[in-house]
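Below: a set of structures, written as structure tokens.
Heads up, the next two complexes both have chain A, just with different partners, chain B and then chain C.
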Partner chain A sequence: MRALISSFTQFWRQISKDSMLLVVCVSPILAGLAFRFGIPEAEKLLTSYFGKSAVLAPYYLLFDIFLGILTPYMFCFASAMVILEDIDSSLTNYLSVTPIGKSGYLLSRLVFPGAISALLSFVILTIFTLTNISVLQNILLSFFTACIGVLISLLIVALSGNKVEGMAIAKLGGLFLLGVPIPFFITGAERYYAAVLPSFWVSSFMLAPSIWNAIGIVVTIICWSGILYRWFKKKIA
Partner chain B sequence: MIRVKDLSFSYTGKPFLENISFEVGRGEIFGFLGPSGAGKSTLQKILTGLLSDYRGSAVVNGIEVKRHTNSFYENIGVDFEFPSLYEKLTAKQNLEFFGLLYQRKLITIPDLLRMVHLENDADKKVSDFSKGMKSRLNFIKALLHNPDILFLDEPTSGLDPSNSYDMKKIIKAERDRGKTIILTTHNMLDATELCDRVAFIVDGKIKALDTPHNLIMSKGAAKLCYAYFEGREKSGECLLSHTGSDELLKKLISDNKLLSIHSSEPTLNDIFMEITGRALQ
Partner chain C sequence: MRFRGLLLGDIRFQFKYGFYFLYVLLTFVFIAVINAVPAAFKAKTAAVIIFTDPATLGIFFMGAIILLEKSQRVLNSLAVSPIKIWEYIAAKVVSLSIISTTVGFVLGVAAGAGGIASVALGTFLGSVLFTLLGIIIAAQTNSLNRFIITTVPAMLFLMVPPFFELFGYDSNIFNLYPSNIVLRIIAGNAENWLLEIPAVAMWIIFFYVIAHGRVSKMLRSIGGIKL
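For the complex of A and B:
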């Protein structure tokens, strides 16, 4: 356990010594402030300009889901950058031959950051929500978005050769979030084109909590983690 | 300490290591010698548990490697060829971090740094270190938890002659303390100087395994070369085993006419080339 904690502490140390990653980790709070205070103000301006009773308000839940997914996305991006730096310095190989082992390394670099991002996502949503979502919804949203965050970490590491490539692949990872707005804007069967994306099911679940949408989340997350973890493992072997 | 029997491994279905068998005892330096791509590093990866889908048996410190748990590494120190260090941390911070991963009693950091003459660079960031300094720091990182088994991959690579000499002295001292050391190298001089036994690995197979001395002497090719003056400087040679029957040499000795005389043994590299048909360097 001491080895795991040390490795995780080292992870934070690496982030604290990199100003870009520090900003990345703080950005969800800034986004939360912008969402919580900026969007209602924008709504006031838009409703008075267009003379309508609501312009953005019907999509407040969409903003909440984006905010919920942003924290894990940013944290897991930082985590992927740290892993890529470790790979560059041959540290992943070295740590694999210490008592922390490969499994401990993955716990400290993927699972712990994922768990913390879930917790932070819950806190940020509680403070900055626009819709007053229930505690249970918040817990589920934070948990599922943290899983998506870990998938994005796996994707970035699996497809990148270094940190620069990692930043480019992170943009590709943003495609994982494309599923979020689809259930809000497409109601026909065409929306299921996005069914391969876990974010589509998370969004669908938040709009209409049902067992089928929950199964959709679980199945897509399991499938993607199976594929991405296989690629990821080759990278850190 | 290490027992390998009928070990085979493949990355792609095509055999990469085939029927490797050897044993290494306590207090022994055992060298893997071979050209790049021969399978030395793969063998080291198997012995350190990084590759587990091998066939045959590889027992390290009484544990079949493919069934190891993380505590297996409490007793193993690995020095990879390329330094694996946190560049943004100082030498001391690096060693402190890696030390926290072990439960064993650690060698103190000042002692370790002193061992490789880095005591004045303890608080310097690793990114400001030269290649040789990084190699030395990387090496002591493997000694930090005082393991019984050391895996060293090209430990003198990138070192100047003086530091290389000191490093070899430390390796021999660790051996004398009873540590088992596996040395992977393609530097035959290091191997001759350090190893108690060496294995020549080519194309994933062990082609020869013995002490460097035995390997050299088994070829029986040691010669005696001498120079003398007879109108002009001339030279002669004979096999060391036939010195007594070289009449010219006997006469030159009795007439005190030798200008120089020396024996000339084949090097480990000569033996390697003879056995495998390939050069090491």
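For the complex of A and C:
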């Protein structure tokens, strides 16, 4: 455990030194402020402009989900970049033969940041929610979005051999979030084309909390993490 | 000849690291998004997508490209080779602009934009500007996270004013602002070409002069000592 904490402290120090820590903590707050106060104002302008009773209001939950995903996404992106730096400098090879091991390295670089981001996401959503989601919904959303954040970092590291490929995959990783708006805009059976994405099920679950949507989240997260973890382990071998 | 070698090297590098594959994939996604919006908003949506993604890919990737060159000691070899700094910068700018301009052109066609040449020209000019800005920032950073953070204010500085203009806030202050001109050209709203093209060319020269200085300093200080 001491080795794990030490490895995590090293990671923490690294992102603090780069001011990345400050950015990943401050930007969700700024986004939260913009969402909480900017979107209702934009709604007023849009409703009067188009002469409709609601334009953005039916999608407030969508904004909440994006806000919930922002903190884990930023935290996990920062940790993926740190891992790529570690791989480029061959640090991962040395760390994997220390008491930390591959799994410990993964815990300290991905799971710990993921857990912290879930906590922050919960706080941000509690303060800035547009829909007054319940505490239970908030806990579940923060947990699932943190899992998606961890999956995106795994994807970045597992599929890239260096920083350049990492940035390319990070761009591709954004497609992982493409499932979020789909249940809001596509109601036909064709929406299930996005069923391989955990974000699709998270969004569906928030719209209609059912056991099937919950199973969808769990199954997609387990499948993706199983595949990506296998690739990730090869990468830091 | 040296420039041709550098250019081909950069294109090969970008191909090897999946830039071409990534942008083929992203182009399909962008086309799907453009097709999903109502016909009246297609051209505007395409302009926003082109301006925020393919035109800015240079600044997004430049940190990783230069930092990888640093860590693989590519720059050490380049520093002792007879290449000129302008050749190094131009190879990066041209190679990335090929991707940007091609994607911009395809998206313009997909959106049924009126002036395709204008879309391609705007994307190219945007790509040159943002790639030079990426070089300016990357040449003086030592970590990817720091590069990303440094690009945030630069991106805000360049990206916010054009959107005010695109969504109706018209101000003379931004008439000759580089990114406003670029978005205007991409969106087919450029009216005063005789003023706008020289203005954006001046901005490119200004960015190039700074990038030249930064790359020169970077190559002179490789290996821990300053020459």
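The working rule: the second predicted complex is superposed on the first by the 230 of 237 C-alpha atoms of A that agree within 3 Å, B and C clash if a C-alpha of one lies under 4 Å from a C-alpha of the other, contacts with A are read in each partner's own complex, and residues count from 1 in each chain.
Simple rule for what comes next: contacts are C-beta pairs under 8 Å (C-beta built on N, C-alpha and C of every residue); 3 or more make two chains touch, one makes a residue touch a chain.
Keep in mind that this is a model prediction, so the values were computed, not measured.
When the two structures are aligned on the shared chain, A:Q10 is found in touch with chain B, with no touch to chain C. Once the two complexes are overlaid on the shared chain, A:M167 sits against chain C while remaining clear of chain B. By the touch criterion defined above, A:L175 lies against chain C but remains apart from chain B after alignment on the C-alpha atoms of chain A.
When the two structures are aligned on the shared chain, A:M20 is found in touch with chain C, with no touch to chain B. Judged by the touch definition given at the top, the superposed model places A:R2 against chain B, while chain C stays out of reach.
Of the two partner chains placed around the shared chain by superposition, chain B is the only one that A:N93 touches, whereas chain C remains out of contact.
89 are the residues of chain A that lie in the contact sets of both chain B and chain C, per the superposition on chain A. For chain A in complex with chain B, the touching residues are 2-3, 6-7, 10, 13-14, 17, 89-91, 93-101, 103-104, 237.
Listing the residues of chain C that touch chain A in their complex gives 13, 17-19, 22, 25-26, 29, 60-61, 63-65, 67-68, 71, 143-146, 148-149, 152. The touching residues of chain B, counted against chain A in their complex, run 48-50, 70-71, 73-74, 76, 78, 80, 82-89, 97-98, 100-103. On the side of chain A, the complex with chain C involves touching residues 15, 18-20, 23, 78, 81-82, 84-85, 88-89, 162-169, 171-172, 175, 178.
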